[in-house]
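The two complexes that follow have subunit A in common; it is paired with subunit B in the first and with subunit C in the second.
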Partner chain A sequence: MKQNKLRRTMLYIPGNNPNMIQNGGVYGADGIMLDLEDAVAISRKKDARILVRNMLQTMDFYGAEITVRINGLQTEFALLDMEAIVPCKPDALRIPKVETMGDIQTADQIISKIEKKHKIPQGTVKIHAMVETALGVENAFQIAQASPRVVVLTIGGQDLTADMGVKKTLNGQEIAYARQRIVMAAKAAKVAALDTIFADVDDEAGLIKETEMIKELGFDGKAVINPRQINLVHTVFTPKAAEIEKATRIVKAFKKAQKDGIGVFAIDGKMIDAPVVARAQRVLDLAGEKK
Partner chain B sequence: MTKNAINIEIPKEIKGFGKLAPFKGAWKTIEALKNMSKTPAPIHAKTKDHQKLCKNIQTCLDKLDLKDGMTISFHHHFRGGDETVAPIIAELAKRGLKDLTLASSSLTSAHECIVPYLEKGIVTRIWTSGARGKLGKAISEGKLAHPAIFHSHGGRARAIETGKLKIDVAFIAASAADQEGNATGSFGASACGALGYAKMDAEYARQVVVLTDNLVDFPCLPQSISQHNVDYVVPVKRIGDPQKIAGDTTRITTNPMDLKIAELAAKAIDATGTIKENFSMQTGAGGASLAVAKYIKEIMQTREIKGSFVLGGITSTMVDLINQGFFRAAFDVQSFDAAVTGSLYSNPKHVEISATQYANPFNAGCMVNKLDVVILAALEIDTNFNVNVLVGSDGYIRGASGGHSDTSAGANLTVVVAPSIRGRIPIIKEKIACVVTPGSTVDLLVTERGICVNPARPDLIKKLKHSGLPIKNIQDLCQEVENICGKPKLPVFDDKIVALIEYRDGTILDVIKKIK
Partner chain C sequence: MSNTLTFAAEEVDGELSMKLKKTTQSGSLESSDILITVTPAKPGAGRKIDLESVVLNAYGKSIKKDIVEILDKLDIKDVYINANDRGAISSTIKARTEAALLKSIKDLNI
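Moving on to the complex of A and B:
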């Protein structure tokens, strides 16, 4: 399970912009997503596919998780995208507009075939399943557990509101249910949950507020469209000093208790059990501490 | 030919310029100075009834002692908005004057119109900090009769004070002046701020003319230029467009790459222990170098640190820092933003200084020597940390020396910030087009792909080693960038020298050759 990997930010980069791809890894996002779908005009799909393929083979992205958003499975480009990209072994493909378990299974089969053809170990290329329709939201759990390749379930706010026939608002009331549904499905399937983008890059306070909200909901991170948004999101997801200090004490005490054969113990008069230890460990992971 | 201290071949002599002293090291010439005197300032004695106020520029020129081969000077405080150089040279050309030396503290995009005067032999020599656009191209193509001299701001002050640069007529554009020539740039419709470079010219030029579009009642206060040095005062329609001094480059950038570099630079500066009570700082205007101020301010805020002073080309960002109490003073030789003129006029903590006080290496207390840290930009940097801020990767002159080598020598910590790749061209190279600032005075290079520490600073290497910052060997970073971009084809030059790059102490750092 890749759930413990930090995915606080996933930076969108248009697949037809060599300058932005070239610099994609330098901004410190936990992941970068090279986009062959919405950011690329129909007439430029081939160029972008070739560019992304070549960049994946040559560029150093300084340890960021690399995903490529291919075109929707129902389009003529999806198969061409996968045939070009899977052999480059990105960490994952982001499959857009996933609506059913069947969509994931189809993608899984195609990826498996390409991996086999190129002698890549089966399961190397993971899937980030992007849910951005009402049907997709309702099928979220089935989607998340449709294949062991799925490591991330993510919500696409712009397309979802379009599908719902409503306007995307600043407070996001219209996608509140979808967000909660996605988080719950992701948690149930034990995959990561990533939130949609925040479109106004100049509204730093708005981004911080939304990030705090989605963090409380249980999301592991958020897609970002401008490198300037990375640090703001990371700051929200980075535990404060007091949280780190408490988590450190819990994990230390847990290790000692384990050694002493004690199952449940108390710190500051509060009972500490396995879920509390797991949460503390997650705090340390987010803070960049070693386990 | 002789090799200077950075292994660059320098001619021993240039016809029409005389013998050249090769660069010996950042402080070697200064250390060897003995019993040298400043050049005497000219006497401007006038009888009590002398009328300084002229009807227009023509009547003023009628009164001046003008001759072929003379040196005329200007200041570049209006940068891209200058409207003084072009009409004056046009008027001198109309009078049949030729073989002029143009000594402007710098030349900008506003001065492309003087190219025809180079071609006609009206302007045959240029002393400047920089040149851009068609003028830079014309010099690079060898259209100036004699090699241009590119100096630093401190170097120009030194050249004037030592008599190496003798000015026959200084034309000083001021946004307010009285009929005696007391003048300032700090108020008026064309306010451009400090007149730090012009102060030198006023002091040492044989004849001094103040041009103003805002003649005020005597006495004009404050007095950046004082009446005792001024021969004539000329009212003109407009001296320049202050809106074109800097455009939008003096506010913190929103460019993510610049911000990333700036953030790394601030962290590196902090890791060296420089950001502490009473420290002083200078940043460039615009881009990553100015953006460093934003992150340094955040560090100061968190640790409740108060700095001593900010220096240099002063921007709105620097004025905000003194107004918010982060620094106690701003010393301003050149205002990089028309918006700061109000502050210069009314805030006693915002102090106008001359170019000699700013950066002249041949005096006892130039401000750059008091700098704890300077953050500078670069067009190119080589693996010995030598920096080019003057010649583009295509071989054409398109930049300015400015205060780069002055501050780099003076500051305790010199940080060069630049993207590792600019328009598909690597900025870190084995060999750069020319050297304006010697690598021995540069301590850190900060790019988005890593930070390089000059091996000459083992103390910094030690401090940054465990900082968690991406520290890289400069050769490795050069290779890493070259792996992405490939090795760019270098411009081809012929043997003709079109410009000399003078170090701040008057020695020659490098030459620029004619582009083929």
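Moving on to the complex of A and C:
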């Protein structure tokens, strides 16, 4: 299931840049987001839409999750974007500036109509809901569970701080509440939570610090704007050897306990029950181990 | 994903006049891109394609074939096209040609 796949990094690629699109799959990001919105000038919207459509039809992105960020639903471009992109069957559309569950329902209905027209199984194209206004943050849970198409809830830090009328700072205190709200809403709705970009590509230590912080909050990954940021984020999300070793022991012991009909058992003197096993399994998933 | 070129609904629905209205461009001179300039031509003038490319000897024919494929799909018979290629792949050549033509046909940039 898409919900369970790794989403440590989602690489933004400007939708009107063929060089970056055709190389997008080689950097090893878990996901690629072809951007038709903010990265494309108003006068180039049509050019980018057609380019991204053609690239989706022909390029190999080496297994990365492919999403396309369309223009906002309130713009004249959104419907044209969806009509061009949905038939190419990307894994998901990223819908920007989602504020209410009605926004998701509208997008869902349009996608459904296009899927039907092109004889694509209903529900093929998922939604990554991007929350980047105060109203969107307050409605986060309703947004996350507004449609079964929603598989990711994500936060847009730049637009959110603009909407709040505050400055985006390095420590991100101004969006701390929003981040926690997004994570909790995503967990409650059983969808993935993705964090916003880290804008200073030269500040590697800052990126690592922020990634460690958002991982602790419960985010599944982070949007990145430069291939140089991918490995740094992956390293933070990749479990250390000792964690993997312990998780392997827990999962193995759990399988044996299941066989023996035992529900709760102990390892190194600590009680192991279902939530602990689930966490251990997640560690192995992140480490790339097979279940 | 299909390898066939499909047109977005905006471009196939309704009555779309295939008449070119003005000179338009799509693309850029950046690496892996191609700058396509479309200029309307008088009826009966035919298609004229001027191509400049960093890979002209190896891929000149193939680039022109991609451009002609889009002209055929949009049923454009009379046009002057200037193409300045910087090593674009087929998907990009077709996209830039289509975008330049549609901008000229529809006189709309959305």
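Here, the second predicted complex is superposed on the first by the 290 of 291 C-alpha atoms of A that agree within 3 Å, B and C clash if a C-alpha of one lies under 4 Å from a C-alpha of the other, contacts with A are read in each partner's own complex, and residues count from 1 in each chain.
Following the convention adopted for this analysis, a residue touches a chain if its C-beta (ideal position, glycine included) is under 8 Å from a C-beta of that chain, and two chains touch if they have at least 3 such contacts.
Since the model is a prediction, treat every value here as computed from it, not as a measurement.
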Ask   = Between subunit B (first) and subunit C (second), which does A:Lys222 come into contact with in this model arrangement: first, second, both, or neither?
value = neither
Note = subunit A contact check, subunit B vs subunit C, more residues touched by chain C
Task = Considering only the touch criterion stated at the top, classify A:Met59 as touching first (subunit B), second (subunit C), both, or neither.
result = both
Ask   = Which of the two partners, first being subunit B and second being subunit C, lies in contact with A:Gln22: first, second, both, or neither?
value = both
Ask   = What part of subunit A is shared between its subunit B contacts and its subunit C contacts?
value = 22, 58-59
Query = subunit B touches which residues of subunit A in the complex?
reply = 22-23, 26-28, 58-60, 202, 226-228, 231
Ask   = Contact residues on subunit A for subunit C in the complex?
value = 17-19, 22, 42-43, 45-47, 49-51, 53-59, 76-77, 80, 83-84, 87-89, 114, 117
Ask   = Which of the residues in subunit B come into contact with subunit A in the complex?
value = 254, 256-257, 259-260, 263, 421, 448-449, 480, 484
Note = Given the complex, residues on subunit C that touch subunit A span 1-6, 8-10, 26-27, 30-33, 88-92, 94-96, 98-99, 102-103, 108-110
